[in-house]
Every structure is written in C-alpha cells, then in structure tokens.
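First chain A sits with chain B, and in the next complex the same chain sits with chain C.
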Partner chain A sequence: MDSIVQALPTLLTFLPLLGVIALLLSERTNGTLHRRLGIGFTLPPLALAVWMFVKQVLANTSLTWTHAFDWFYIPLPQGSWTFQYMMQIDGLSLVFIMLTCLITTMATIASHSIHERTRAYYSLILLLQVGMLGVFSAFNLFLFFIFFEITLISMYFLIGIWGFLHKEKAANYFLLYNGLGSGFLLFAMIGLLMLAESLNYDDIANAITALVQQLELLPPEVGLMVWGVFGSLMIAFAIKLPIFPFHTWMLKVHVEAPTPIVMIHSGVLLKMGAYGMIRFGYGFFPTFMQEIAFTLAIVGVISILYGALLAIVESELKKVLAYSSISHMGIVLIGLGAINETGLKGAVFQSISHGLISALLFYLVGRLYQRTQTTQFNELGGLAKSMPVFSGILMVGVLALLGLPGTSGFISEFFAFLALFASKPIVAAIGTLGLIFAAFYALRIVLKVSFGPIADKHMHLSDLRFNESIPMLILVVVIIMIGISPAVLSYPIDSVLHTLITQIGGQ
Partner chain B sequence: MGTYLLDFDWTVMAPELVIVITAALLTILDLILKEKHSYPVTKFLSIWAVGLAGYFVITGWGDSSYQILADTYRVDPFSLLFKGIFLLGTLFILLFSFAKKRINEYYYLLLTALLGAMMMVSAADLITLYVGLELLSISSYILVGIQKRKKQANEAAWKYMILGGASSAFILYGMSFLYGLSGSTNLYVIQQAVQEGLTSGYGAFVYLSFALIIIGFGFKISTAPFHTWAPDVYQGAQAPITTFLASISKAAGFALMLRVLILAFSPLFTTGDWERLVSPLLLTLAALSMIVGNTVALKQTNAKRLMAYSSIAQAGYLLVPLATMGMLLFPSMAFYLIVYIMMVIAAFVIVEQVTDATGDDDIRAFAGLYQRSPLLSLIMTVLLISLAGLPITAGFVGKVLLISNAIYTQHFVITFIMIATTVISYYYYFGIIRQIYFRSPANQNPIPIRWEQGLILGVSIAMVLGLGLFPGYLIQFLGEVDWGSAFQMATNSGR
Partner chain C sequence: MNNLLVGFIPILPLLVFLILLFGRRRFTLKTSGWISIIGTGMSFMLTLPLLWYGNVFHIQVPWFEIEGTVIQFGFTLYTLNTIMLVIVSFISLLVQIYSLGYMKEDQRVATFYAYLSLFTFSMLGLVMSSNLLQLYIFWELVGVCSFLLIGFWYFKPTAREAARKAFIVTRIGDVGLFIAICLIFWQVGSFEITDLYTAVSNGAISPGMITWIAILTFLGAVGKSGQFPLHTWLPDAMEGPTPVSALIHAATMVAAGVYLVASLFFLFEASEIAMNVVANTGAFTAIFAATIALTQFDIKRILAYSTVSQLGYMMFALGSSGLVAGVFHLMTHAFFKALLFLLAGAIIYTLHHEQDIRKMNGLWHTHKGLGVLFLIGCLSIAGIPPFSGFFSKEEILLAAYADGRMSIFWIGVIASFLTTLYMFRLFFQVFMGDKQTKKSTLPVPTVMYIPMVLLALISSLIGFTFDGKKWGDWLTDNWVLQLNHQVTMPLWIPIVVTSLSLVAIGLAYVWYGRKKGLSEQRQGWFARMQHIVYRKYYVDEFYQFVILMPLKGLSWFLNGFDRFIVGGLVYLTSLKMLTLGSLGSRLQNGQAQRYLLISVMGCVCILMWLVAGGLFKWIP
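Showing the complex of A and B:
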C-alpha cells in the first residue's frame, strides 16, 4: 500500500495511458466503443484527484505526495549532472490537476459530433491528458518540459485533423508560436541546469536564492545569465498564457479547433502559463518578480482592456470568447503583479474559475454550432424561444463570465483587484474599467444569441437533451460552489502560496 | 632499431582486414560469376564481413591505444567507437540495399567506401588520412552514378565528383603547408611544428593551411556555404547511397575534423588564436548551415531534397560543439551522431518505400499515409519528431546535450540561432506529418515493407525511443570513453 501511495503522482499522470492502449487494441470502426473507452478512462484520474482533494481538505493542511528516483546522469570531468525523475503533487498542483481531470472528462463527453477517426481522437485526448497532468505534477524541469511538449504535439494533431475550415493553418500557428515558447523554455531549462546543476524545483530555488544573494560579488555575466533565464521563462509562459502581443495564435486555435478541444485548450492549456509563472517565476526568482511587478500589472491591464474592447466589437461568438479569454488572463497577470498573498490567490482562483467558465461556454458553443451551423451573431438570435434550457445555462455561464457575485468569477476578480488596489491603486483603478466592458460584452452575447428576433430556420431547433446538459450542470455547480464557498479552493493552495510570498518578505 | 612488418600486432587491424579481404573476394567473384546482378552469396558475404568486423571492434574495445605502420595508423577508443558506428550504419544500409536488385559492383564499392571511412578515423598521418578520404570519396562517386542510364544519377555523379575533387584539392593544398612547416606527414610531429611555427613568425602559413582544410572538410560534411552539391546528389543517387552519404560519410567527415583540428592545430589553443579566429570561423559555418538548411528546406517539395537540406542543418548543429569546445564536446557529438545516423537511415527507408509505392518523389507521396499504413506512419512520426528535436525522443536528448555544451561555454548567439532554427524546422518536419495525417491518400494500398527494412525500422525506433526515455546508459558510456587518448602519442607503438 505504501508503495502505491508513494507512486501516486506517477500513477495519476500515466493512468490515461491505459486508455490509449485499450483504444489501440479496440476495433477500428467502432465509434461508440471508442467514445465509451475515451470517457471511461478519464474517470479514474478524476476519481483519484477527487480522493486526493478530499483528503487534502479534510486534513486542513497542505499534503504533498512525492515520487522520486534517479533517472540518469551526465558524467562530467568534475562530478556529474544528475537528472532525477521527480513527481510531486502539492496543493497548488492539486487544484490544477482537479481542473484538468474535470475538464478532460467534460471534453470527452462533449465530443458528440466527432465521428471520424474516433480511435485516434480519443487516444490523442488521453495522451493530451497525460501531458497536462504531467505538467502539473512534475517536480523536475526536464520532466516538465517533456510533458509540456507532449501537450504540444497532441494538440497539433487534434487541431489539424478534427478542426474547422482553416484547421491546418491554425495547427501551424499553434505549433510555431508554442514551439517558439518551448525554445525559450529550453534555453531557460539548460541555463538553470548550468546555474543549479540540478533540475529539481527545490534545488533550483535554493541555488538561485544563493546566487541572487551574492550577485554583486559575482562576475557580471552570471547576473546577465540569471536575468536571461528569468526573462526566457517569462516569455515562454507569456506566449502560453497568452499576453497581449503574443496572442494571435490563440485566436486561431479558439476559432478553428473542434469545440471539445477548445474546452481543454482554453480551460487548461492556457492555465499552464499561469501555473508556470507562479511555480517558476515566484518559486525560483521571487525578488525578480518583485522587480517586474509593475510591468506585469501594466501588461495585465493592457490585456484586460484590449481583450475586452475587441470582445465588444467582434460579431462572432467564438472570437468574442477568445478575446474575453485574453482579458481574463490579464486578471491573472495583475494578481501576479500585486506581489502579495491575496494577489497570488486571485491569480490561481482566476485560472481555475476561468477554466471552468470557458469550458462551460465552449461546450455550449459546440452544442449550438451542431444545431445552427453558425456562430455569427447576425445569424443567431431569439433562441430563448426554441431552446430555453440552452439559453438558461448560457445565461449562467455569461453571468459567471462577467463576475456576478455568487459565482467563481466574482471571487477571483475580487481577490485580484483587491490585491492590486493594495499595492498599485492607480493601475488597479484603470483595470476596473475592464469589469464594465466585461459586463458589456458578456451581456451582449446573451442579447445576440438568446433574445431578439429569431430566424425562421431556428424556430424548431431541438433543445439540449438531458445527457447533454448533465456535464454543463456539473460545471455550473462547481462554478457556484467556488463562488459561495471559496474556502474549498483556498484550503489546498494557501500554505503553498504563503511559502512563496514569504520568500519575498523574508529577503 | 629496425621494425619489420611482421613485428606489428596485426590483429588490431582485424576489422579493416576483414573488409579488405571480402571486398577483394567479391571483386573476383564478380569476374567469375556470369550474372551481373547480385547473387545471394554477394549479399551474404558483405553482411558477414561487416558483422565480423563489428565483432573484432567489440572485442578490441577497452585495449589501450596502439600505433602501427610507423605511427601512421592508430587504434584507440576514439577510432574504435567511430568504426563501431560506421559498421552498424553500414549493416543497416546493406540491409536497406537488399530491397532491390543491384549489380555486383554495388556491394564491394560500398565495402571499400566503408573501408575508407574506417581508415580516416584511424589515420595518424596525412598520407593515410588522405588515402582513406579518397577511398571513401571515389567509391562514393561511382556509387552515386551507378545507374548509368539514368540522367539524374549521371548529373549527380558528375556534380559530386567535380566538387568533391575540388574539395580534396583544397585539403591537399592545406596539408602541403603543414608538410612544409614540419617536414613530416605525421600529425604528432606536425603538432610540434605548428607550435614552433606560431611562435617563430610562420603563423600565416598555419592560418592559410587551416582555412584551406576547413573549406575542404566543409564540402565533405556539407555545411553551408559549401553545401550546394548535396541536394542534387541526394536526389539523383539511389536511396541507400544517399543514406550512406548522409550518415556514414558525414560522420567520417566529422571524426576526421575532430582528429585533425584538435591534433594538428591544437597549438592554436595556447596562443589564443582558437578563441579569436578559429572558433568564430567555425561558428559562422555552423550558423550558416543551420540557417540555410532550415530555411531553404521550408520551400522544398521533393522528399529527398528536403532530407538533404535537413541534413545540412543537422551538420550545422553538429559543428557547434566543435566550434565551442567545452567539456561535453565528445559525448554530445558522439551521442548526436549515433542518434542522427539511426534516425536518418530509418527515415530514408520510409521515404524510399513511400515514394516508390506511390510513384512520386514529392512529399505529396506521404498524403494519407496514416490510412494506408498506420504503423509505418507512427514510426515516421516518431522519427520526424526526433529529427525536429522534440521529446520523448533521442533527438531531443541529443539536442539538449549540444545546447548544454554551447551554453556552458557561454556561446549565447549560437545557442539562440540553434534554438530559433530548430523552431523553424518544426514547420517542414511537421509538413510531412501534415501530409501523413491531414490529407487524403491517392489510394488505399498499404506500403509494402520487406523484413530487412522492418528490422531496420524496428531497431531504429527502439533506439530513438529507448534513448529518449533512458539516455543514461549511452551518455554514461560515452562520458567514460577515454577521449583524451586519441590526441596523445601511444606509448606502446610498434612492439
């Protein structure tokens, strides 16, 4: 039993691989079976994650599960570089893992409309899940990078094969932009290997702290190197998040990828950027984060306003949601830029909350597109008449998007802005304009889709079936649960964030 | 003291002798046998020779370095390792060649080319070195043009021979200055003479000689701007020969460069000229290769030409450790070379089979391959991902080693170029993947794969994935090889 508990992070991460094997062994044409296997094999990691989460909340302290052994080493003339296989799940990882498991299950359920090459489709989703779970549970940068690239490769196929009209172009954009990001990450990884001679997170953190303390005494190249590594990490995750000038790829993916994949992309993959900034930015370079805090806050506000303004003028539903994602990721940034515990909490909350909300909304978009074959605002309207259940859930999702109290969206934005007002009130004041814009574009979605005149061809659309609305309702419940009782989410993360922030206070 | 030929311990040359004898035997057989096309006995003999030579290399591993033939030929860990690599690669190329009927000359020319490569890595003397180089080159010229009725092959052979000859002339000219300085062709004596030449005002000759030799080697390993022959030759030659040029021939070029530069020109390190002149020169070549190879590859539609540009870019990556030196120089170069050879051979096997079965040289031939042969597509995907340097493949680990070495020696510009061009290369490697998965096939017929090719693919994929997940074994092995011994006079030379 002990050995199983010890290997828990590994077990959790690689569980979906069993599904891949089962799918590969299954009959090639049996789409229903593939779907069942696909959904079925996302459940064990979900169950495991829930079990860990419950255990964590009951324990009321931050639990960690660690699995480590020596993987390989590179002999050098003096000593050697050891690469450890180290997987560790702490509170911060756990909430992201929960998000990943939940959204992957929802996305597989949402894949009703995939009828071609189903075996490959579900295999790739499960592989993507392995990558995402690995990203959040790796505790060694080399492993992190490997899982990071696994998500990249599987996403490339998922977009390129099952996407909409311009899928290949979108897949290429995705590949090249994210490839660029991984290039920066690769540089940072090897740079850190040189500086710390190990790639385990805690070793790196200790080595960098020691370096930064005596930076004046060391030759200037070392300082340059440390800054270069830090900058590369930040750019890599800024592309992933994405932050304002690096966002074009993400629009293409949102519009062209199949909607279940967008659920995962917008729900989890973008959050890897936030996770990376917290884990590596704050974890390794706390003092540097403090130095660029103002820039982060400014860029965050620009992202909020830019995303929100374009979301207001766009006339296509998927694009509106894509721009709103940019805007919401801006809120993550201002949380990070606040440099206090509340701000970090806001950033994590916003990541989780937006993950859930955007998954819900893109699920709705997928169902809508299947019925109407369009997501253009000017061809939609009045659907509240023919699809009341759909419109109802859409309303909830949109209200969560604009941050109505009682939903997770509110509490996240509240934390982030509260923290920023405490440290940088003027920037925060400008940023709050974004909330007004958010209300504007969010309600516009409801107005254009649910209300107004209905087109004749949409008069007799079938409403959501029961089995379609179940996953949405689960998402809605989670969103409201976090909104009403944020403690659920803050239990696991509090102590981790506290440790991160004391590094800055205790310098 | 007189040493006689029989005083030498000839067993250290057993691998070479096996190859020589077999090549000679095959030549005689060719005269006796009536059919011009390969008999099973030809195939069997050549495989047997390569296998036996491999056996001798393995049993000789671990012995201390040894010099014979008046210090012109040395057997040390460095040369044994490279011989092992060449023999393994040639074994695969032979298996690859069995897919089609080939004339008898083909097999013994392949063996003599291999012999040339093996001599190159063992040479401690300019004459031996040059003979090895020419043996490899001349055999390759003929092999490229062996389909004498094919126009493209003729063009390729001509181009290769003329440019190859010119590059040999450059090398020879460069060597003549070294001889002029030292009065000897022995690399160790030359090392002394270069040292003295640099301190006593003959530096100009050293630089001139160095530049000429680099230009010549640049042709052989196809770095930009000396790469122009590669695409045409790769396109015109038969696939196994192209593979030989891209793998064994290139690896031999790198091994030779390592030996000559670090041995004959090592005094440049002490005077600081390496940092000031040599390193920037090599870095420029590396950067040009990476940039030209990777950007021109973007526009290629012919599969073999695409692979040619890819191999130019890969030569650029491999030049980086040579230019920067550093403690991971040998392990990183050897690791990447081994992995690269495995990837490139397997990739060419698939390219050949697919273009053959589709009757189209274009990368369009790969369209919808996934629906025709799913397993083959998966293998090709892993190979391409490895060539692009993405995890979980050996190509990724190799690239991490190369970049580690570059960053460790604080060469950030070349690191940047390497990473940036790698990202660019995703586009064309994934261009083939796009064809395989995103397009629809011309027909539904599966691609025929013979058992020999299956074997090659199986071994390569096992190595690419195995070394991607557990690189430790090979890295550790390479890290513990006594590389330094390659650059010191062996103490027990002769007997």
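Showing the complex of A and C:
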C-alpha cells in the first residue's frame, strides 16, 4: 500500500496509457466502443485527483506526494550528471491536475461529432492527457520537457486530422510556434543543467539562489547566462500563454481545431504557460521576477486591453473567445507582476477559472455548430426561442466570462487586480478598463446568439439533450462553487504560494 | 430575534429562484407566481419584527483569506438597512402580486418570477451585507437581474439594446466602486464597513485618499442610481415589463446608489470635495432630468426621467449633510413611484399596450379608480401636504438651506416646481378631455388593484411618521453615523414651495388640461429649445460620437493591425522557417553515407562539448 501511495504521481500520470492500450486492442471500426473507452479511461485519473484534492482540503494544509529514484547518469570528466526520476504533486500541481482531469473528461464527452478514425482520436486524447498530467506533476526539468513535447505531438495530430477547413495550416502554426517555445525551453534546460548540475526543481532553485547571492563576485558571463536562461524560460512560456505579439498561432488553433480539442487547448494547455511562469519563474528566479515585475504588469495590461478591444469587433464566435483568452491571460500576467501572495493566487485562480469557463463556452460552441453549421454572429440570433436551455447555460458562461461576482471569473480578477493595486495603482486602474470592455464583448456573444429575432431556419433547432447538458452543468457548478467559496481552491495552493513569495523577502 | 430566521430573509427568495428555474416546465403560470409570492411574503413577514426590535444584529462566518487576513461573509442589521429590507421585500411582494394580472398572458411567467426572486434575493443580500466586497457581489448581481429583466422580451431588438446599455453603463460606475474597494483594502486591511469607519475617524487614511475613495465609490452610485452623466440607461430600461420598472427601476435597485452613499456617509463627510461632488451632481441631475421629463410623450419614460430627477434629489440631500432627509425621501419615493409605475402599467394594460400619452385622453370617464390613485401619486410626488412627498421634500430643501449652498437650494426649489408641472401635465393629458372613443378599454383586474391601493394608502399616510429629530436618533443610535445639525425650518420655505407647486398645477391645467396642449405646434426659439430637451440634450448622441465611435474605430484599427502587421510578421517568420526546412531536407537525401557522416559529426560535437565541460569548473 505504501509503495502505491509513494508512486501515486507516476500512477496518476500514466493511468490514461492503459486506455491507449485498450483502444489499440479494440476493433478498428467500433466508434461507440472507442468513445466509451475514451471517456471511461479519463475517469480513474479524475477520481484519483478528486481523492487527493479532498484529502488536501480535509487536511487543511498543503500535502505533497513524491516519487523519486535515480534514473540514469552521464559520466563527465569531473563527476557526472545524474538524472533523477522525480515526480511530485504539491498543492499547486494538484489544482492544475484537477483542471486537466476534469476538462479532459468533459472534452471526451463533448466529442459527439467525431466519427472518423475514432480509435486514433481517443488514443491521442489520452496520450495528450498523459502529457498534460506529466507536465504538472514532473519535478524534474528533463521529465517536464519530455511531457511538454508529448502534448505538442498529440496536439499536432489532433488539430491536423480532425480540425476544420484550414486544419493543416493551423497545425503547422501550432507546431512552429510551440516548437520555437520548446527550443527556448531546451536552451534554458541545458543552461540550468550546467549551472546547477541537476535538473530537479529543488536543486535548481537552491543552486540559483546561491548563485544569485554571489553574482557580483563571479565573472559577468555568468550573470549574462543566468539572465539568458531566465529570459528564454520566460519567452518559452510567454509563447505558450500566449502573450501579445506571440498570439497568432493561438487564434488559428481556436478557430480550426475541433471544439473538444479547443476545450483542452484553451482550458489546459495555455495554462501551462502560467504554471511554468510560477513554477520556474518564481520558483527558480524569485528576485529576477521582482525586477521584471513592472514589465509583466504593463504587458499584462496591454494584453487585457488588446484582446478585449479586438474581441469587441470580431464577428465570429470562436474568434471572440480566442481574443478574450488573450485578455484573460493578461490578467494572469498582472497577477504575476504584482509580486505578492494575492497576485500569485489571482494568477492561479485565473488560470483555473478561465480553463473552466472557456471549456464550458467551447463545449457550447461545439453543440451550436453541430446544429446551425455556423458560428458567424450575423447568421445567428434569437436562439433563446428554440434552444432555451442552451441559451441559459450560454448566459451563465458569458456572465462568468465577464467576471460576474458569484462566479470564479470574478474572484480571480479581483485577486489579480487587488494585488496590483497594492504596488502599481495607476497601471491597475488602466487595466480595469478591461472590465468594461469585457462586458462589451461578453454580452455581445449572448445578445447576438440568444437575443433578438430568430431566423426561420433556426425555429426548429433541437435544444440540448439531457446527456449534453450534464457535463455543462457540472462545469457551471464548479465555476459557481469557486466563485462563492474561493477557499476551496485556495486551501491547497496557499502554502505553496506563500513559500514562493517569501523567497523574494519583504512581503 | 433568532439569527437563523434573519438568515432566511434573503435565502427564501433564492430558494424560490432555484425551484422555479429547474421546475419552470412543470408549474402552471399561476403556480409559479404563487410560489414566488409566498417566498417573498415570508421574507417580508420576517423583516417586520426587525423594525421593532431595533438592536444591532451581526452574524458572520469566515469566507476566505487575503494575505493572511480572514475575510468574513456577514450580515449586519441596523436601522438604515432594516428600513431598506422592509421596503424591498414589501414592494417586491406587491409587484409580484400585481404581475399575476399584468403578466398573465406571457408564456414565460415562471422565468419572470424566477428572475424577480433572484433580484429580491440579491437586493436583500445587498442591503444586509456587512462588508464592501460582499456588497459589491450583490451589487453586480442586482445589475444582472436588471439586465435579464430589461431583456426579458429578448426577441425585441429594442429590449436587447436597452439591456446591453443598462449593463454596460452601470458597469462603468461599478468599476469605480471596484477600484475604491481595492484601495480601501490596502488602506484599512479589511472590507468591513465598521473597520473603514474606525480608520476614517482615527485619521488612519490620508485626506487625499479619502477623497479618492469617496469619489470612486460615488461613481458606482452614479451608475446604479442613474445620475448624470451615467443616467442614459435608466429611461431606456423602460423596455422591460412595467412591473419590473416599478420594482427595479423606480423603487429599489436604483436607490441602491443612494443607500450606498448613505451607509458610507461618514466617508463622504470626511471629505469636503466629495460632499461637493455629491451635492452638485445630485442637484444638476434633479433639474436636468426634470426638464426632459417635461417634454417626453412616453408615459413610462416620463416616469423614468422623474425617477432620475428624484434620485438626484436624494443625492443632493446627502451631499448637503441631510442624511435623514435623503433616506426619508428614498422611502417615500419608493412607495409613490412604485405606485405611479404600477398605475402606468395599468393604464398601458387597459389601452392595449399603448404608451404614448398623446393617444390617451379622458380615462377619468371610464377608470375613476385609476384616476383617484394617480392623483394621490401625483400629489405625493408634487409635495402637496399632507401627502408623503411633502415631508421628505421639505426636509431635503431644509437640509440644502441649512448647509448654506444657496444655489443648490434654489435649484431644488425650481426642480420641485418642474416636478409638479410634468406630473400634472401627465395627469391632465391622460385623464382629462373627451372619452376615449376609438378603442375599447380593458377593465383592470382586482389583483392589480390591491397593490396599488395599498401603495396609495401608504403614500398618503407615511409622511405623518416623520419627525426629523426622532428619525435622526433612530438612524444613528446603532450605526456608525453622526448627525451634526438640527435646524428648525424657516416657515417661508414650505409656504413658498407649496404655493409654487399649486401654481404649477394651475399652469398644467391651463396648458394641458383645458385644451389639447400637446398636439399644438409651437414656433420659434422656444420650439427649438423644446426639441433639444426632447432629444434629451443629445447626450446619447454625444456618447455615440465621442466614446463609442472612437472605441470602435480603435478596435477596427487594432483588428487590421493584428491581421496584417502581426500576422504579416508571422507569415515572414514562417517563410524563413520553410527555407530552413528545405535546407534541412537537402541533408536528408536518402544516402546512408551522408547520414553516417552527419552522425559522426554529431558525435564529435558532443565529445567536444563534454570535454569543454571541464572549462566550466568555476561554476559552483
């Protein structure tokens, strides 16, 4: 029993692989079976994650589960580089893992409309889940990098094969940009290996701290190198988040990828950027984060306003949501730029919250497209008449998107802005304009889709079926639960964030 | 009183909301109405005893933490918000009863009652909140309910636009409140109103910061209470069903801004600038909206501008340190304006959804009951003794007089004159004249009469409860408020104001009662002036050109920028990559020898690098 608990992070991460095996063994043409297997095998990790989460909340502190052993080593003229296999789930990882499991399950359920090559499709989704879970539970940069690449590859095929009209182009853009990001990440990894002689997070953090303390005594090249490593880490995750002007690929993916995949992409993959900035930026280079705090806040505000303004005039639903993602990721950045515990909390909350909200909205988009074959605003309208349940859930999703109090969207924004008001009130005040613009574009969605006169051809659309609305209602419940009782989400992360922020000292 | 029972006051309507939301298909139209009425009725019953107990009530539970500070979720009761509780639950109850008649032909009555219950819950939660963050949450929720109810007839494009406008314009104000709350937290370390009071009275916050916080808070109130320059949404909000206009856009939600300023009165009093801003905004809005009301033809819009104007009255009462006056007017206004709106709804109902007063006349012949009730409403708002408006309005003018800002005092007097004029213009136009011949009129159902009669009774009688001193003590003895001046009223003020009102009634009769004044065409500069006022001073157009269009322009510009500049750069980069790729593909021409060569080169590189690793010894 003990050994199972010890291996929990590994177990959790690789559980979906069982599903891949089962799928590969199944009959090639049986789509229903593939779908059942696909959904079924996302459930054990979800259950495990929920169990860990409940344990965490009941314990009221941050628990960690670690699985580590020596893996392999490269002999060097002096000593050797030992690569340790280390997976660790702490509170911060856990909330992202919860998000991953929940959204993957929802996405597999939402894959109603995938009828071609279902075996490959569900296998790839499960593989993608392995990658995502690995990214969040790895505690060694080398492992992190491997899992990171797994997500890229599976995502590439998922976009390229099952996407909409320009799927190949979108997949190529995706690979191009993320490959670029991986390049920076690889560079940073090698740099860190040379600086710290280990790739375990703890070792790196300690080594960098020691290094930074005596930076003046060392040759200037070292300082340059540390900054270079830090910079390339930041760029790698800025592309992932994405930050203006690295966002073009994300728009293409949002528009061209199949909607269940966008749920995962927008819901989880973008959040790896936020996770990376917190885990590596704050974890390894706390003092550097403080130095670039102002830049982060400014870039955050630019992203908020830029994304929101573009979302206001865009006339296609998926693009509006894509631009709103840029705006919302800006809020993550201002949280990071605030350099206090509340800001970090805001960034994590915003990541989770936006993950849930965009998954919900893209699920709705998928259902809508299946019925109307369009997501252009000028061809929609008045759907509240024929699809009242759909419109009701869309309303909730949109209100969460604009940050209505009582939903997770508000509390995340609130933490981020509150934090920024402590240190940079003027920047924060400019950023709050984004709240008004958010109301503009978010309401526009629901007013264009559900309100107004209905087109004749949409008079007899079928409303959401019960089994379609259940996953949405689950997401709605989680969104509202976090909104009403933010403590649920902050129990696991508080102590982790507190440790991170105390490294900076002062606050 | 039992804590648990107080907790039920907001929870009951929330339960009703959930029941109706999930069971809306199962309930008949009548059942859903009655479920809602019973829920709100029980809440109302629970609020009544609170008026007599009158002791401070406070309950809180830990909610979450910010930087180690535990934020509490709590309800607090003191006189001011107890009064609000009673008003909100009572008027909500009456409006729901009234809607049984007014909405009976609508297919989505269950949804309607669900929204009304959600609104009632949010509004009750708003006034009971003990801290500002929680207040803000309910503040936004009432805004959403208002949005949903304005857009209740979602298929009407006008309703859609009005709903959007209401949400966005109030959100502009809300952002002010949002910023104020953030600033308060870092200044005080808490969101509790009592902690803020302690900090303000200890001088822990610098005067400049107090002014900022107060003005930003006031911005929130300006949005919610339809004060100039954020008033434009309120008249448009009349696109919603009339019971909604009565409840949300006349009696309760729009008064939330006034309530906010009143409950943070200590904050505003600590800053002279803030008080000036409040008083001047209020006074300007009072007279500005009154002039517009004089020129409109839509019965609900006239009442809407009247609401804006009366809210301005309350604001300048508060800005002139007339806390009691402002709060008392909030209360009397809630009753008589709800009455007037319900009457307007009844008139619209009998005339088959006709809202243009130029097409109404002679209703007195067929609907004497409505006429009498309408007259009571008009006399109340006009401030003719002994109706309730008299007492509250005199108190406001007295406060302005005592405060010493004579310009504001006289604006108040003129606005009062205009109020009477437009109300009686409306009254004479609708009820006097020849009998309606073209169309038959519908009789008004009894369920609609009951609430109106109750409101009329209260509007006539509630003024007698007023005693400035007692009310002042009552409001302050259990809350963080202090009132400094009690001035006796110079006798000439009520005499002058009342006689002005009587003159206005006379003028209205001469202009609109005897002949068909509204259909008459006027010429010259007066007509041009009138047209400008009729078009609401072109404020909407101004916003359209100065704010919305540049914003849209900027968005379109950025759209092009994103598509061509950013996208173009990306395209160039990808071209580069393609060139690189083709270079790379030349290396892979399928010849095993070349692959071997490359592998060997790679090995050499790795070896060299590993050896060079020794050079990095100086790295710890």
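Operating definition for what follows: the second predicted complex is superposed on the first by the 505 of 507 C-alpha atoms of A that agree within 3 Å, B and C clash if a C-alpha of one lies under 4 Å from a C-alpha of the other, contacts with A are read in each partner's own complex, and residues count from 1 in each chain.
The definition used in the following text is that contacts are C-beta pairs under 8 Å (C-beta built on N, C-alpha and C of every residue); 3 or more make two chains touch, one makes a residue touch a chain.
Only a predicted model underlies this, so the values are computations on that prediction, with no experimental measurement involved.
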{"item": "Which superposed partner A:417 touches (first chain B, second chain C, both, neither)", "value": "second"}
{"item": "Partner chain(s) touched by A:183 [first = chain B, second = chain C, both, neither]", "value": "first"}
{"item": "Chain B versus chain C as contact partner of A:45, first or second or both or neither", "value": "neither"}
{"item": "Partner chain in contact with A:157 - chain B first, chain C second, else both or neither", "value": "first"}
{"item": "Which of chain B and chain C A:431 touches, first, second, both or neither", "value": "neither"}
{"item": "Comparison of chain B and chain C by chain A residues contacted", "value": "C"}
{"item": "First (chain B), second (chain C), both or neither touched by A:149", "value": "first"}
{"item": "Touching partner for A:306 - first (chain B), second (chain C), both, neither", "value": "second"}
{"item": "Partner chain in contact with A:490 - chain B first, chain C second, else both or neither", "value": "second"}
{"item": "Partner chain(s) touched by A:76 [first = chain B, second = chain C, both, neither]", "value": "both"}
{"item": "On chain A, positions contacted by chain B and by chain C", "value": "76-77, 172, 176, 194"}
{"item": "Parts of chain A lying in touch with chain B, wherever the complex brings them together", "value": "71-77, 80, 83, 145-146, 149-150, 152-153, 156-157, 160-161, 167-168, 171-172, 175-176, 179-180, 182-184, 186-187, 190-191, 193-194, 221, 228"}
{"item": "Residues of chain A touching chain C in the complex", "value": "76-78, 172-173, 176, 194-195, 207, 210-211, 218-219, 222, 244-245, 247-249, 306, 309-310, 312-314, 340-342, 382, 384-385, 395, 399, 404-406, 410, 414-415, 417-418, 421-422, 425, 428-429, 432-433, 435-436, 439-440, 443-444, 447, 450-454, 485-487, 490, 494"}
{"item": "Touch list for chain C against partner chain A, complex", "value": "62-67, 133, 136-141, 144, 147-148, 151, 154-155, 157, 159-160, 163-164, 167-168, 171-172, 175, 178-179, 182-183, 185-186, 551-552, 554-556, 558-559, 562, 566-567, 569-570, 573-574, 577, 610-611, 613-614, 616-620"}
{"item": "Footprint of chain A on chain B - complex, ascending", "value": "327-328, 331, 385, 390-392, 396, 400-401, 403-404, 407-408, 410, 412, 415-416, 419-420, 422-423, 426-427, 430, 434, 437-438, 470-473, 475-476, 479-480"}
